[in-house]
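Scrolling down, you'll hit the structures one after another.
Consider the two complexes below, in which chain A is the common component and chain B and chain C are the respective partners.
And now, the complex of A and B:
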């Protein structure tokens, strides 16, 4: 019981610190990094549900991110809907594509599925690149409206153009996302995903309709990735075909592997660590005049796979083995 | 009373006939042994009945319903459970989780209702569910691995992982249990334990069909035997009769039975 109370205390303290950060640190660059880390937390967590928990290797996750970003941006710019609704539309359209990509997963698995998902993302990237009338091609969509201000009273409204205010929106989005993933993973649904990941014929033999589970988990994962993409679109206010690239997926993959695949805390830790590390490496790149970032990513990935399969989170859970909660 | 019946069941893999027009019926409450030399098509037959792949020809009837083309998961929901020749337990789950995941009522709840429901329940609703845990523990005790409750399944000794697979199959509350070589790779002591477990399961009313290579085991527990040879059923009946059937001896020893 007291252990439980301690945990609650730590959680409350953590949340308080997260909410207090923009009040204490006003450096816009730092807050920008926090926002980017936050968007990656949503992306890595959604990828982790699909690949870490359900075992469906998806190397086209950036496609969902891009679909969410483009969908929301285009709907807001061309149709004129509110960006707030755009966020959810980004999620839903991405979820629909998730369902579509889920179909090949019924028959394919492992490397075959991985290659299919790469193809899926590449096709979409080429569409975004070449459908110039709609997407402005490689120039990207620019001038995407920010999230509309919330009017509290005449003369006083909350704008979402500043890093600080956006940070709060994102923080709430992340809490909701992680809450959903925690509940999903620690339930009958989650244990079924893990069963399917461990042994598909075994899961079938206890009545798991693996086809429907795969479709469901692709859809759910894509929804959250799309939502993250839409948030990004209205924050950065620029979306280019690069968001759909394989490089983006590999960033997500490296973050998750580094943090700990198939744990709840892993993707969060990995996303924050790598976001700040890669910014730090920018200075190194300027000094040595070489693109060392990808080299270091690759190196970290190899180290993780060779020496710490369970990632950074796995290193700590040696001290307190609390199953897969990783909290 | 037949609980399961096959009617001229055949399975071709390309030009190879793995199972050839096999007809048999499984009587409710019995233990039926399925034997035959290597490559006789025993596992293929079990795979056909459990819906791993559909037969090329023929029908399978279960409790009067035609189940020929149903998938494994649908068949499990109807009451047909199975184990595998090479264990297929969920390695990264704990022993009790392996059983708990099999206890989920999948007839009523599909992925979407489970996912949606999980969002509004307290987290960990699954493992906090006392009734489910008690039942899962009973099953683990029943097969004699209760003390390994919280061990990761991949750390289990081989013999115990075979028992875990049986417990997992039982957790789905089957009418018919298909066992594919439950005592392969076990030492004589472990084989005896396995026989006791299978007998106990049968005494509780579950109909069992079992593939087995260990003759001592199969002769001891089967009420009836079916012998397959090159995909064809060559004998059927009480164990003693089948055991002395010249065709069976020929299949196992090869050549002329008189030699």
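And now, the complex of A and C:
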């Protein structure tokens, strides 16, 4: 029991530290990186649910991110809805596309599904590129309104234009996301997803309607990715077709693999590590005038696959996937 | 209970089952014998709905199975333990067992869990371990235990003794007899080990090149000259 108490204490402490960071560190650049890391935490976690837990290899995940970003941005700019509602609309529209992409997954698996998902993302990227009247093409949508300020009393309201305040919005969004994913993964639904990943015909043979589960997990995963995209749109206030690119998906993939595929903590660790690492590498790139970032990503991916399949979190036995699962 | 009428199944142009009729009555333990490629596993897969017959009918009680998708067939209580001890390697032993009870909504799951842990104490010891880390015999035990948790009405076992050490094989056969006698579960057993399997069966079928070569009571088949020569090795 005391072990349990310790865990709770650590958790409480961790949450306190996360909330205190912007109060102690006021460096805007650092907070900006924390926000970006946070957006990637949501994004990688949603990809991890789909690919790490359910085994559906999706190499078009950036499409959901982009759909969420464009949907919210366009609805707010053209229709005039509140950005807060836009966040959810981004999630819902993305979830709808998730459901659509789930349909081919009923019959396709492995590399075939992977190729289909790449095609899906590329089509959407080209649409965003070429539908100039709506998306302004490769210029991207700029001047996206920030999240509307919340008025607490006359003369006092919380604005969401600063990195610091946005950080708090994101922190809450991440807690809710991870809480949902934790409940999902540990429930019967989660065990069923894993059984499907391990052995699809096997899961069918004990009565799992895999079609339903695949569509469900695609929809849920896409919702959270779209929500992350919408958050990004109102934070960065600029969305370009690059958000839908294959490179973006590979960043998600590398983060998750490095952190630990199929674990809850993995995507969180991976997203934070790589966000800061890639910023560090930016300085190196400026020095050597060479795009070393992708080289290093690739290298990290190879090392992870060869020597630490379970990623960084796998190095700490407490979070391991294998052996004693504690279930 | 289960009645198969003159079904034909083929993989592309290769005919695997060429007009088989077979019956399993409630409470029976029926063995399906046959050499490699005779169509035993194909027959089980067809009953489970993974393969579909070109012609013929499969009926279970009053339902047509040959037009039903696999997951619905499972819901009728037709549970197959596939060949080669297929367990979910990255789920724990306990999670595997829970997956066995996937289609159940009743409250008897906990009691059945106790029952299989009693049958296989090794699984209880290893319940938190990844199923992929089990030995061959343990994995087979888990596959059978998972099947029991599905509360089968018709329990189909595909070569449960395949590749197991003799001691463990005997244990497995003992358990199969136990669940048949104590729980009254109807069993359709596919085996290569003719003597052990026929010895405890009510009836048996011998498949040869996709057709039923012989059928009869278990005891009669053991004493049949042809069976002795071809399957018992004396």
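Everything below uses one rule, namely that the second predicted complex is superposed on the first by the 317 of 327 C-alpha atoms of A that agree within 3 Å, B and C clash if a C-alpha of one lies under 4 Å from a C-alpha of the other, contacts with A are read in each partner's own complex, and residues count from 1 in each chain.
Here, a residue touches a chain if its C-beta (ideal position, glycine included) is under 8 Å from a C-beta of that chain, and two chains touch if they have at least 3 such contacts.
In this text, all values refer to a predicted model and were calculated from it rather than measured experimentally.
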For A:27, using the defined touch cut-off, is the partner it touches chain B, chain C, both, or neither? Pick first, second, both or neither. neither
For A:202, using the defined touch cut-off, is the partner it touches chain B, chain C, both, or neither? Pick first, second, both or neither. both
Who wins on chain A residues touched, chain B or chain C? B
One more residue to check, A:180. First (chain B), second (chain C), both or neither? first
After lining up the shared chain so the two structures overlap, which partner does A:189 touch, if you call chain B first and chain C second: first, second, both or neither? first
Which superposed partner A:159 touches (first chain B, second chain C, both, neither): neither
Shared chain A surface residues [contacts with chain B and with chain C]: 188, 191-192, 194-195, 197-199, 201-210, 262, 323
So in the complex, which bits of chain C are touching chain A? 48, 50, 70-71, 74-75, 79-80, 82, 86-92, 94-96, 98-100, 102-103, 128-130, 133, 146, 150
Looking at the complex, which residues from chain B come into contact with chain A? 50, 52, 71-74, 76-77, 81-84, 88-94, 97, 100-102, 104, 106-107, 109-112, 114-115, 117-119, 121, 123-127, 168-169, 171-172
Could you pull out which chain A residues touch chain B in their complex? 180, 182-184, 186-192, 194-195, 197-199, 201-210, 212-213, 215-217, 220, 262, 323
Chain A residues touching chain C - in the complex, by the definition given at the top: 188, 191-192, 194-195, 197-199, 201-210, 262, 321-327
